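Per-chain numbering from 1; labels A, B, C and D assigned in written order.
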Amino acid sequence: MKLAIKYFGQLAEITECSEEEFEFSGMKISDLREALFLKYSKLSNKDFQIAQNQVLVSDDTEITTNEIALLPPFAGG
Amino acid sequence: MKLAIKYFGQLAEITECSEEEFEFSGMKISDLREALFLKYSKLSNKDFQIAQNQVLVSDDTEITTNEIALLPPFAGG
Amino acid sequence: MENKKPKNVFKEGAISSQFIADSIAKHQSKTGIGAHNIFLGQVRADEVNGKVVSAIEYTAYEEMANQKFYEIREAAFEKFDLNCMHIYHSIGKVNTGEICLFVFVSSPRRKEVFPAIEFIVEEIKANVPVFGKEIFEDESHQWKVNS
Amino acid sequence: MENKKPKNVFKEGAISSQFIADSIAKHQSKTGIGAHNIFLGQVRADEVNGKVVSAIEYTAYEEMANQKFYEIREAAFEKFDLNCMHIYHSIGKVNTGEICLFVFVSSPRRKEVFPAIEFIVEEIKANVPVFGKEIFEDESHQWKVNS
């Protein structure tokens, strides 16, 4: 499936883009993490959470929509 | 001794003045309360604290200065 | 005993939103501040036995009140890590909807300002000799008591 | 699932003291209010390894952030007796000394506003996807992390 992945903050510095289409054949968030680490090795050193359809999800969540975002630590306020 | 007694809020409504000289021969705050109740009987129904020299004092405090204030419940803020 | 003379905390009439804005703006040169907390007391149009409060007229034992405000200020600086702190209280008549108390604390860290503002406001309510005459629309009145 | 569309909480650049004053003034017709509490986040000129922060550039996952702000708002109204509540957060560049977060709660009673403002600010810090690039005077930067 084709995912639309958004990158924020320092993660976008690593990927050098804020959003991209990403062709993906796995099932779970953990599979996606691995696929992304293959493409962007520097991501593996970074602390981030993943949101699916604007909701934070854990590694064993299945991917059911194409709206994915990688979120570095929050710094609001 | 001559005391300068200040009255605030609803107490000043009863005494019909905000400050007066009061000739007093007792020793303690409790004596002063009784002397004031004789002059203003309605004061005895009211809840108030007494300050001497701008510090709250209790009934058994001796009167040592002439700056006395009768303070009804606080309503700041 | 303290030697410093307490500042006068009282302001005649309501505290305007413009006064508050100016006070906030003055802090923008203090770049060690990370968090402000502002408490505002506003006069409520309470209904008592079918009559509605239209204003509160504040009086105070001003010398003692300013001394108490000063002690509260010193205690707050002692207990909390604050860059600065300001208190203004109305004296005289304040209409419903208008602001009668303005407390402003600033700190490098937000964790300090929450307990600080609550401490200061509760101390003011409990210990400062300010008196409030609640004036109803028909000109009758009752005396406010803090709860 | 909520049907109401969340409001946009973000404002481009710093939040001015005039904007805050206007917001306060708008509440003076709400005569059921007795207490306001305002939290302001201000950008600190922190020193890191001899370099001083001159600004923070905020970015956000705006759709998700606005949804989170909406959920925080609903939770605050559920937990506390509030007349009204407002949140504004900066997006883009905010210089040191300027205000980047404005949270405003109002209640009939002061006892409600203290825990409410703290709850809201802590929820924002923990759960809203906002990111901050701390820009130093030499144009280098580091990424801010809430503590």
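By definition in this document, a residue touches a chain if its C-beta (ideal position, glycine included) is under 8 Å from a C-beta of that chain, and two chains touch if they have at least 3 such contacts.
All values reported here derive from a predicted model rather than from experimental measurement.
Touching chain B and chain C at once is no chain at all. In terms of the stated touch criterion, chain A and chain D have no partners in common. Rounded to whole angstrom units, the spacing between the C-alpha centres of chain A and chain C is 49.
Averaging C-alpha coordinates per chain places the centre of chain A 73 Å away from that of chain B. Measuring from the averaged C-alpha position of chain C to that of chain D gives a distance of 23 Å.
Among all residues of chain D, those that touch two or more other chains are 41, 110, 121, 125.
Shared interface positions of chain B, i.e. residues touching 2 or more other chains, are given as 77. By the contact rule set out at the top, the touching chain pairs are A-D, B-C, C-D. Here chain C touches chain D in the complex through residues 17-18, 20-22, 24-25, 27-45, 96-99, 106, 108, 110, 113-114, 117-118, 121, 125, going by the rule given at the top.
Taken together, the chain D residues at the contact with chain A in this complex read 41, 56, 58-61, 63-65, 67, 89, 100-101, 121, 124-133, 143-146.
By the touch criterion given at the top, residues 6, 8-10, 51, 54, 69, 71-77 of chain B touch chain C in their complex.
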